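Before we start, here is the structure in question, set down as structure tokens.
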Amino acid sequence: MKSSALRKALGWIGLYGLWTVMIVITIVPIYWMIVVSARSRVELFDAPTLLIKSFYAPNYIKPLTDPVFQRYLINSLIIATSNALLVTILAMLATYALSRWRLPGADNIFFWTITQRMAPPAAFVLPMFLIYTRVFKIGDWTMFDTQFGLILLYCVFNLPFAVWLMKGIMDGVPIELDEAAFVDGANRWTVLTRVVAPLVAPGLAITFILSWIFAWNEYLFAANLTSVNARTITTGLAAFVSVTGTNWGEMAAVATVAILPALIFLVFVQRYIVTGLTFGAVKE
Amino acid sequence: MADAKGASQKLVAPVEHKGRRGFLPIETNTFDRYFISVILWIGISFLWMRFLEQFLPLWVSTVLCLILAIVIIRKG
Amino acid sequence: MRSNRAGWALLTPTLVILAIVGFLPFLYVLYVSFFDWNPFSNQLGMKWTGVDNFRRLVFDGAFLDSLWRTGLFAFTTVTIELALGFLLAQTLVKSFPGRTVFRTIYVLPLVMAPIAVGATWRLLTIPGFGPIPYFLDKWFDIDFRLATFADQAFLTVIAMDVWHWTPFVTLTLLAGLTAMPKEPLEQAQVDGANRWQVFRYLTIPMMMPVLLTVIFIRLMDALRIVDEVFMLTSGGPGTATQFIGIHIYRVIVPKTDYGYGSAMSLMVLYFTIVLCWLLFIALAQVGKQRE
Amino acid sequence: MFKHKMTVMFSVLVLLSMVLSACTVAAPAPQPAAPAAESGEASWWRTASQAAGCEGVTIRGVSESTPPSRYAADVLAASFEAETGIKVELEATSWDEMYTKAINDMQAGTGIYDFVYIEQDIIYQYLANDYLTNLTQLLADNPELASPDFDFAKFTSFIDNFKDADGNIYGVPMEAFLKVYLYRLDLFNDPAIQEAFKAQYGYDLAPATTHQQYQDIADFFTQYGKDNDMELWGTTVQGNTGHASSFYEFFESIAPTFGVYNWGINQDNWKASVENGGEMNSDAAKEALAFWVGLLADAPPEATASTWDEVAASFAAGRAAQGWVYGENAAWIATDPERSKVVGNVGVALPPIAEGVMADAESGAGYIGYYDGGAFGLPVSSQNPLCTLLWMQYVGQESVQADWAIAGSRIVMESTYDDPKVQEVDAKVDGYYTLMRESGPLFRGAPPFPFHSALREVVQPFIWKALSGELTPAEALDQAAAAADAELVNLGYGQ
């Protein structure tokens, strides 16, 4: 009896101890980023302390009031949101097809889809550049430096992931529900949007979130396939590494601003994550 | 979705893979056998170039791989 | 029962997009990999060389070193992330006060851009104003200089990746654990099995599909890591953290050795596909045994 | 319940993205300023712009995000648009990204960029590939577009870097600076320190003129920092172990002062190693690398993580007593209290050199340091070459130079040195501009190699390994020279 109580107490201490350590480890780098963003350049090399002694506002004010930077932020929002929407919808359609029809070679298509994500990206910058500037060219308009170009490109990374996530979840929705709806006279589209979609909503949510985060964060292609109009916030981050002294303070400020939207987003959809992230490993 | 947490569920692989059974240790369909052949051909070519090309030219390995591929596609 | 046409119609947009932005560039890279093409060499334009690029590759020490280094990195990080993630996920299955708060804070790194993660860790570790070298020196008398000591750099990069991606592993495993049927576990406990036995003979086998899936995803991404490491160490000191993604970047971008770089890229893609295909087959086998 | 929430969330997001798309259309970047010349008589610029049919045209360029480039993007582009009606979109981005984009564009001939920043060291690669338009020729072919205010002869000798063998010019210089020796006036002029130094080394403390003196001063201040519990070290070292900047510091600033020029490559037979007639692993080069790597012991701990940016930052933070620092930083380190702790305490001098190097430099056989800079070039693939020609002449006018020099510590024209505004700053930075004017010819840019970056990529890992201690300096240079020889053959040189 006594030893069991002791074990229980030890268990609690262990549990909270573990989590305290994990939280501290998680927080420290982010906290440090905020500390740096609150310091002026001349204070940076003072003896490190973990305290925020004063707040050097220009680090934030300068980028935030810069119209170029605002445009980057808006571009990022548009690209991430549109890409996530596109990916979610396409993945839902594709996985519905994969799960409801016996398409010849379906599982091979499934694997092929995933391999799209595996290539080391550097080699693909030049071909993408050529495709966007040469192939997708209507008069003076090219896909280069457009938001649409990036929205489409990020599908390469997000769609495989999304299809994988959604496939199993789709499989988990009993086909009898479809049949019942058909019997009631619904057409296929109604079945998909009214019967199936609500049931796979957690999966859609998590697909949307992960796609959104990825599109928001991508750097290499955003840097090389845009020039002025469609640049995103991550390329803005890299630009702070300049010749006259890396502007650590401003860079940290921009990085802080850049994680805020994703953060807010994440807090909102926290609860769907755990139900949605099973990669379809749950089946009834 | 609420009832998805019911007692009847189980954890399964999110992928399924159907095909026939040949001498290969797994069930394979036609595409798989082509895929395996190509993968083996590339892999053997790499190894050949590294270790054997000093003695035997590369086309020897290509011929060997072609034969292997036919066997796999037919009987795998 | 239904015609396949509607099914294909639903699948087409996905396939078309992937073909355009995924497969088309791949074909181009494949094409270029058979040429000697470096705009800054003495011989301008593209010159057909057959498989010479690959022939050079299998003897290229720097490339093979970097491949090996990447493998070591991917193996280490995935192992640590899996172990730590499993432990944390198990603590999160049962409700306890503060669970939601912990979980919410804990997934923060997940939303950060890789490039921002690299920058943040650089801020942490740069001698002069970063706290890590300062406190390590003050408390433990350790000379921490990422850009001088290869081992420290490698370990820091691993720590950074673990910090960044363990939350994802934890959440996925948690989703699996939450969805796992409870009766067999309870039954086993009634039958007198101890915790370890339950874990070893019930939890692990039941979680196998989820575990393999997580390994697959993490492995795939760890093998092509670039942004974080580039921002933190740019591959240094020397070549201690020059992973394959960075190596390829250097060959293609500053060296503009397009042909050779494309060949390199394809070889890496080949290894990744083979590895992932094996995992995929394993996954399918697990699925079959279950039925 | 669940379904309802999800629907709401998605609709909000769709709405949000739509609103945001509307925003970008409604609010484009800075509104064009009202054309200044509209009310009065048309200026030469507007007439020329109209003649070439360029009004309303947008030209695009890419450049490194340096103060001079940003000045061009923010100030010059706006006034140019007001004068001519030509909109200039200048993309200022990081060094690596700039190269990728410019090279991709010119290689593919897509014509996205109408002008590109060409650094002095990469021009030979561009010329070898016929990426650039011959500006001399273009001006001669279009005399009606040649501005009376523009003349290649007004530039300093730096423009010679952008000429081909026939003297045709391919770039309009927009920035140029020296990599100079900076030291701390407050430390060097402190009587107590001077006394202590003399007591220890037997000669007066002054900016180093030999490597031994440099080493002594570095040792002295490192010890001084330790003794007084200060965050002070003897020297900076641009010794990043994963970035090209360390390669550049060694081969362009350190090795020449030991008499090893042009990266130690024999330009007659394109060989680097001593066995084949090069100098990359000569005794002088090994001595230079040993000296430089040895300086790490006297450098702040961040030295092995420092690129050109962080070296300037370390010096500005007062963490080093002396060092080789790019001149573009001299002005802000010496004058901007927002960013620098050593305002007013920056001394500028010529770097220390080995015996015989000065004679080489004066005769033109060698040089004592790096003369860096860049120009705007016009890619052959440009879709608006004539409009771009106007822009290039605009940034190459004498009248815009002085303010530009203040904003970016760069000088490309002889006349700029005499401007009162520049002379005022000159006094504050201990005569940096005067030094540049008088001693500029002793410095030189990168050697005219068309394989510049390819070879750098091969050699730099050995320099990094020497810096991290993985290889000794002698081993590093022996291996580097062997690798360089192999790569040069691979690139088609010196078969």
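The chains carry the letters A, B, C and D, assigned in the order they are written, with residues numbered from 1 in each.
Operating definition for what follows: a contact is a pair of C-beta atoms (placed from the backbone, for glycine too) under 8 Å apart; a residue touches a chain by one contact, two chains touch by 3 or more.
Treat the numbers as computed from the prediction; the structure is a model and nothing was measured.
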Outermost chain relative to chain A, judged by CA means, is D
Comparing B-C with A-B, the one with more C-beta contacts is B-C
Chain B and chain C have mean C-alpha positions lying a whole-number Å distance apart equal to 23
In whole angstrom, the CA-centroid distance of chain B from chain D equals 53
Rounded to the nearest Å, the gap between Cα centres of chain A and chain B is 33
Dist(centroid_CA(chain C), centroid_CA(chain D)) in Å evaluates to 36
Contacts with two or more other chains occur in chain D at residues 2, 100, 314, 317, 319
The positions of chain B in contact with two or more other chains are 1, 4, 9-17, 35
Among chain C residues, those touching two or more other chains are 128, 176, 178-179, 209-210, 213, 253, 273, 277, 280, 284
Among line, ring, star, complete and other, the chain touch graph is other
In contact, pair by pair, are chains A-B, A-C, A-D, B-C, C-D
Listed in rising order, the residues of chain A that touch chain C in the complex are 15-16, 18-19, 22-23, 25-30, 32-33, 36, 44-48, 50, 90-91, 93-94, 96-98, 100-104, 107, 109, 111, 113-128, 130-131, 152-153, 155-156, 159-161, 163-164, 188, 213, 216-220, 234, 237-238, 248, 251-252, 255, 258-259, 262-263, 265-267, 270, 273-279, 281-282
In the complex, the residues of chain C that touch chain A are 2, 4, 6-11, 13-15, 17-18, 20-26, 28-29, 32, 87-88, 91, 96, 98, 100, 102-116, 119-121, 123-124, 128-131, 134-135, 163, 167, 171-172, 174-176, 178-179, 209-210, 213, 217, 220, 223-224, 226-227, 244-245, 248-249, 252-253, 258, 261-262, 264-266, 268-269, 272-273, 276-277, 280, 284
Residue set of chain C touching chain D in the complex reads 38-44, 62, 126-128, 133, 145-150, 233-242, 250-251, 253-257
Counting only contacts in the complex, chain D reaches chain C at residues 96, 99-100, 103, 107, 125, 128-129, 240-244, 300-302, 304-305, 314, 317, 319, 450-454, 456-457, 461, 464-465, 467-470, 490-493
Chain A contacts chain B in the complex at 105, 107-108, 110-111, 164, 167-168, 171-172, 199, 201-202, 275, 279-284
